[in-house]
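Sending over a structure as structure tokens; questions will come in a sec.
Naming follows writing order (A, B, C and D), and every chain is counted from residue 1.
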Amino acid sequence: MQEHILSILIFFPALAAMFGFVVHKDSVRAYGITVAAIEFFLSLWLWNLYDPMTSGMQFMEMAPLVSAFGISYLVGVDGISLFIIILSTFFTLIGIASLTEKRRVKDLIITLLFLEMTMIGVFAALDAIVFYVFWELSLIPMLYIIGAWGGPLRIYASIKFFLYTFTGSLVMLVGMLFMAYFYYQATGQWSFSLLEWYRLILPVNIQMWLFAAFFLGFAIKVPMFPFHTWLPYAHGQAPTIGSVILAAILLKMGTYAFIRFSLPLFPDASVAFMFPIAIIAIIMIVYAAMVAYAQEDIKQVVAYSSISHMGVIILGIFSMNVEGITGSVFLMIAHGVVSGALFLLVGVIYDRRHTKLMSEFGGLASVMPRYATIFGIMMMASVGLPLTINFVGEFLSLLGFYKQSHSYTLVAGTAIIVGAIYMLSAYKKAFFGTVTNEKNKNLKDVNRTELLGLVPLVVVAIWLGVYPKPLLEPINNSVEAIVQLMHDKAQTLEAKQRIPDLSNSAGLNSTQEAH
Amino acid sequence: MFEAIAFYLFAALTIIMFTITVMTSQALYALTAMAAGMIFISAFFFILGADFLGAIQIIVYTGAVMAIYAFGMMFFDTTRNVIEKRSNPQFVVVLGGLAAVLVVFIVLAPIVTTNLNANYPIDLAVGNTQAIGMVLFTKYLVPFELAAVMLLVAMIAGIVLAGKKMDKSLTLMAEEDIALMHASSATEITQEEAY
Amino acid sequence: MEVYLYIALFAPLVGSLFAALFGAAPKTYLTGIAASGLLFTSFVSSAILLNYVLAGHTVHVEMMTWIAAGDLYIPFGFVVDQVSVTMMMVVSVVSTVVHVYSIGYMAHDKGFNRFFSYLSAFVFSMMVLVMSDNFLGLFIGWEGVGLCSWLLIGFWYHKESATWAANEAFIMNRIADLAMLIGIFMLYWNLGSLQYDVVFANIATLPMHIITWIGIFLFIGAMGKSAQFPLHTWLADAMEGPTPVSALIHAATMVTAGVYLVVRANPIYGLIPEVGIVIASLGAFVALFAASMALVNRDMKRIIAYSTLSQLGYMFVAAGLGAYWVALFHLMAHAFFKALLFLGAGNVMHAMHDELDPFKMGGLKKSMKWTWILMTLASVALAGIYPLAGFFSKDLILEVAFVEHHYVLYTVLLLTAGLTAFYSFRLVALIFHGNERHLEHGIHPHEAYTFMLYAMAPLGVLAVIAGMAFKTPYYLMVTHLLPAMTYHIHNHTTFWIMTIGTQLFVIAAITYAYKKYAKAVKVDKKVESGLLYQLLYNQYFIPKIYDEVFSKPYLKLSKLAWKEIDLKIVDATVDGIANIIYQTGEKTHTMQDGNLSSMLRWMVIGLVVLLVLAVAFTAGYNAVNLQAM
Amino acid sequence: MEITLTHYLVLSTVLFAIGLIGVMRRKNLLMLFFATEILLNAVNIGMAAISHFRGDYTGQMFAFFIIAIAASEVAVGLGLLIVWYKRTGKIDLDQMTSMRG
């Protein structure tokens, strides 16, 4: 079973979703929680089996699909994908456990389980075609969730979401095909295996084109400025569970793909595009933070804050050194936890008042103290306070990029200022002051179902902020392998210089660990 | 020399015949011109040594297809001129001409010919018909059978489609009844459209 | 000794978590007493550690790894050495006193339990800040105290002004924190470590301009926390918080963290005296600047806050001139008497039903005798009259400036000393002497609970003796770590002239203050409408300028970014592209008119287009190939 | 003067163009059918010529099947045409617009 654990992880939810159709309507919730819990424990078991000292892929499975073109079902995990997979199972569990939706619960749970399959599939896939298939498949359940359970503008939002991301991924597909064709030209064999592609050193000009093609697909998913406008609509219209999964997991697909595809495949192009992308990332950070500050709807604040944080992640990825990339991977997890929690929290108040406008609230801290406390903790985590989960990632990402450019980091660092501005002012508007709105006078504090979802998130947010080592270590090892690969593959002088060579400093590392 | 004369002669004849077919407003002229054109085309096949194909051309086109057309035209009023609304006749000619010029250009341009090997080389020792038979019943057997079935299907389809209401003979019916029949079918149509 | 270190560090955290358990529960004295008890434990542990350190040892422990990525390795490491133990003593003493005091002060507040939770959390963060053995650990504490400060300033969250002030404090501190992070980044990429010992051992190997930049960035970080100009406005506004908070956080401990940072990083600043001069000049400027605002203010707590600001300026002058131990010494002495002053102000506020305008008080010495005595004591110490604490620490800074030949700084500081004496006693005179103006408002003051006064007593004692008794042993201890510089004016005549001159100047200022305000308060309309008065009263219009130049335009810009750029440009472009495609379909669907003939024409057009493309591409391909050949 | 493949291809093209013009020009469905026959025959000439000049039977085979298809097309097409005529009494293309998009 151990050698097939990844396949089980990927297809168990889908299988369970199929069986979900025959489960009775009243017991489907319990069924969903059970399935998600089993899946979550499976993923924890995967973590337990995972060897943190190995940098390469583990639990690889291979089955040829179209052998003529070298397409095969190839999956595996390393330190980078492992925790995002666990995050996916974790959030599916939390999402189903704290589900407050009343309409067509059965369909929703089946959709979520199907979505879980696609998410894990994306992060486990090591074959470009398999990756692409899961990548696109993940759109469908999300489209369905937004379109069927969303707000009044749900059709517009879901179509925008779908078409936008779909357009990007088509360009990406073209890139993938060309990459495979190039591989064929170079080796005489077709292969879509990423691990095979890694071995290929592409000419710099081809790298540029391919990088651009992949970039569009990933950038829209992230979403990077100026391709971000689908996100506020999607979040604004999606039901709570949709926003949670979207923010926590789906956005990470883009940044994950940057690390998995763009960096190791096109090291020279990555270095060449580093500063343009850094500028985009800085725009994302500052601009999204400003827009978030101007919002009137609390969910939009969180939505734009996601964009702002994704900017930091991008910056970390393109720092091209171990500190920065490790930080950005960690920040993906961190942002998943924090933004997921914030969306859940917004959902709590939306369930009670059916509005998300901050002007409708005020003084909630005295009516709902526990809610305000949890929101406060998560807000502080989002702002990046040390000893919360976000800080570790944010610090490492910025630290990493500082190596590449001092002035850019200084500007990007304003993230910690502008982030505090919009978050604190939103918190102030919603929670502080006196209760002016009659409707808020008798609001109930968070109930047990909601706490079931929120408390684990708070625990994780603080636990990983204080003790990030269990995650950082495997991530670090895998990232080191990627950085070394990039350094070895780099052709231009600039890339050689910008990407550190770890093989020389290996001795230095061990002495440092010794003391 | 003889080949050249024959080619140019038949080329000119074919072009004239087909031009008439396309341009005339008399259906009968068009039919006749086309039948003639078909026969002239078979001449090319004979020149090219494809005797069997030439024979088929005459039999199938002039014998069968033209006969079907002739029968078909009996349903329509062929004595009158075909009245057609023309829109942008120049445009049509320019477009057709342009397509021709382009294809000619492609044909005349040096085609990169890299050792095309004949799959089924022509063996001059064997007669054309025999050779055709050899190829047709070995390599192209399945397509041949399929074509045969297709023809059968087409034949039945033609009969079924054209044979509707064949129990009523339009030639023997009184004028009023025909008008009545047309009217009822017209209402049928309007009903269908209503759906 | 490690056990004591952990007790000293984690006892406040335990207290905080314990109080947090009762966060939503109704008020129970248990939380206050437990938190105070645990802090006392922390204090005792700190004292034991102090004893240990006095014997010449230091304690350095590494609890566990925190962040390890790439070459970066940051543990939770704690060090107790001469500098940090001084801070630990200051923090634990003042916070224990403030905790006990708060049991009385907050007795009637609904958020009693919550308050103790926050307050103890603050002490924990402060302990982390001073005990950490690396820069990032310091940063944890740095942000932690920022968070607690936010929570405590906004403690009465239903007040708009309180929450606004809380956010202002947090955001302003964040601005400085960014600079500090950049400083940390520079240290890491240049030295490969953030541990104090590694950094300080290798800092001299770096090129000068990098050290300078590191020094500048770290100092900007310190400026935020210590509310130096131009990041000073939050401190006065922070007075919206409960008074014990002001005493602990915004007078004694947190705001001095900046000074602590500069002192701690003295091996860096020792290499860059030019930056030191800038720090000292800024400190002197802030000292005078803040004192001038305190002269006319009519809000008791704000006056004390400006006084704090002014004294922080003094500390930075000392630190900037390389007299690190002097800065730390003044930090300690100041913590005692300023906390005392604030707690006294708290008593007055309670008695006056939260009235803050001293012009509406007066003659309180009758009903609040002990408060009067303690506050007067604190004010005397603040003014720097022999033999109280302020004399030893503050006059020392004047001497430092003099000995180092920075006569401009010296003059400014001397002038400020006079102003300090004046506004301190203006406050004392207005509150405790003269007519009982508060009777007009129907307020009948009463003395605070006795145990609160007892709680304040240790601070009173320390304010008196801290300078006299501690100076020499402290100097001997702390110079193990800090540069041992003695500042003696060699010429005895000059020394005596200076000392006595300063004393006389200060006494003159006190006398003037008493004379002007002790009897009857005459409001001089002409002075008040004067430009200078208006300037000072409105804090040089700086908050207003910030509001106009930064806050409002930022909000406007944000609205613009959202409504105009995001919705009307970025999103509209996307929608526009979609619309173009949609419109194209809408326009061209007439092509599908169902007429076979026109469809055939379209087909032929398509054919022609394809043929053209074929010809063009073939020609292009051939051209390229021919070229290649 | 030798007749080459090119000659035949040009002739084929010219005939095809005539057919195209017919296809575009004709509004009468029956006449349109005639034009399509011309198109097919034009291609046939090309096929046979290529077969001849390349010495390969494949071209003739294609021509052969094209003829078969043309025959079927006529049978079915004419049947449909008659049905349509019986229903409407017209075989004018401009009237057939039920496929309007």
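Heads up, the rule we're going with is that contacts are C-beta pairs under 8 Å (C-beta built on N, C-alpha and C of every residue); 3 or more make two chains touch, one makes a residue touch a chain.
Not measured: the values here are computed from a predicted model.
**Student:** Quickly list, by label, the chains bordering both chain A and chain D.
**Tutor:** Both-contact set = C.
**Student:** Among the chains, which one keeps its Cα centre farthest from the Cα centre of chain D?
**Tutor:** That would be chain C.
**Student:** Report which of C-D and B-D is connected by more C-beta pairs in contact.
**Tutor:** Here the pair linked by more C-beta pairs in contact is B-D.
**Student:** Rounded to a whole Å, what is the gap between the Cα centroids of chain C and chain D?
**Tutor:** The answer is 91 Å.
**Student:** How big is the gap, in whole Å, between where the Cα atoms of chain A centre and where those of chain B centre?
**Tutor:** One centre to the other, that is 63 Å.
**Student:** Averaging over Cα atoms per chain, report the distance between chain B and chain D in Å.
**Tutor:** 5
**Student:** Cα centroid separation between chain B and chain C, in whole Å?
**Tutor:** 95
**Student:** Among the residues of chain C, which are close enough to touch at least two other chains?
**Tutor:** In chain C, residues 601, 604 touch at least two other chains, as defined above.
**Student:** Taking each residue of chain A in turn, which ones touch at least two of the other chains?
**Tutor:** none
**Student:** Please output the residue numbers of chain B that touch at least 2 other chains, ranges allowed.
**Tutor:** As it turns out, chain B has residues touching two or more other chains at 92, 95-96, 99, 103.
**Student:** What chain-chain pairs meet the touch criterion?
**Tutor:** Here the touching pairs of chains are A-C, B-C, B-D, C-D.
**Student:** Would you pull the chain A residues touching chain C in the complex into a rising list?
**Tutor:** Its residues touching chain C are 160, 163-164, 225-230, 287, 290-291, 293-295, 321-323, 326-327, 330, 363, 365-366, 369-370, 373, 380, 385-387, 391-392, 395-396, 398-400, 402-403, 406, 409-410, 413-414, 416-417, 420-421, 424-425, 428, 431-434, 466-469, 472-473, 475-476, 479-480, 505, 508-509, 512-513.
**Student:** Quick check on the complex: what are the chain C residues that touch chain A?
**Tutor:** Going by the criterion above, the answer is residues 23-24, 64-73, 136, 139-140, 143-144, 147, 150, 154, 157-158, 160, 163-164, 166-167, 170-171, 174-175, 177-178, 181-182, 184-186, 188-189, 554-555, 557-559, 561-563, 565-566, 570-571, 573-574, 578.
**Student:** How about chain C: which of its residues touch chain B in the complex?
**Tutor:** The contact residues of chain C facing chain B are 601, 604-605, 607-608, 611-612, 614-615, 618.
**Student:** Touching chain C in the complex: which residues of chain D?
**Tutor:** Residues 20, 23-24, 26-27, 32, 93-94, 96-101.
**Student:** In their shared complex, at which residues does chain B touch chain C?
**Tutor:** Result: residues 91-92, 95-96, 98-99, 102-103, 105-106, 109 of chain B touch chain C.
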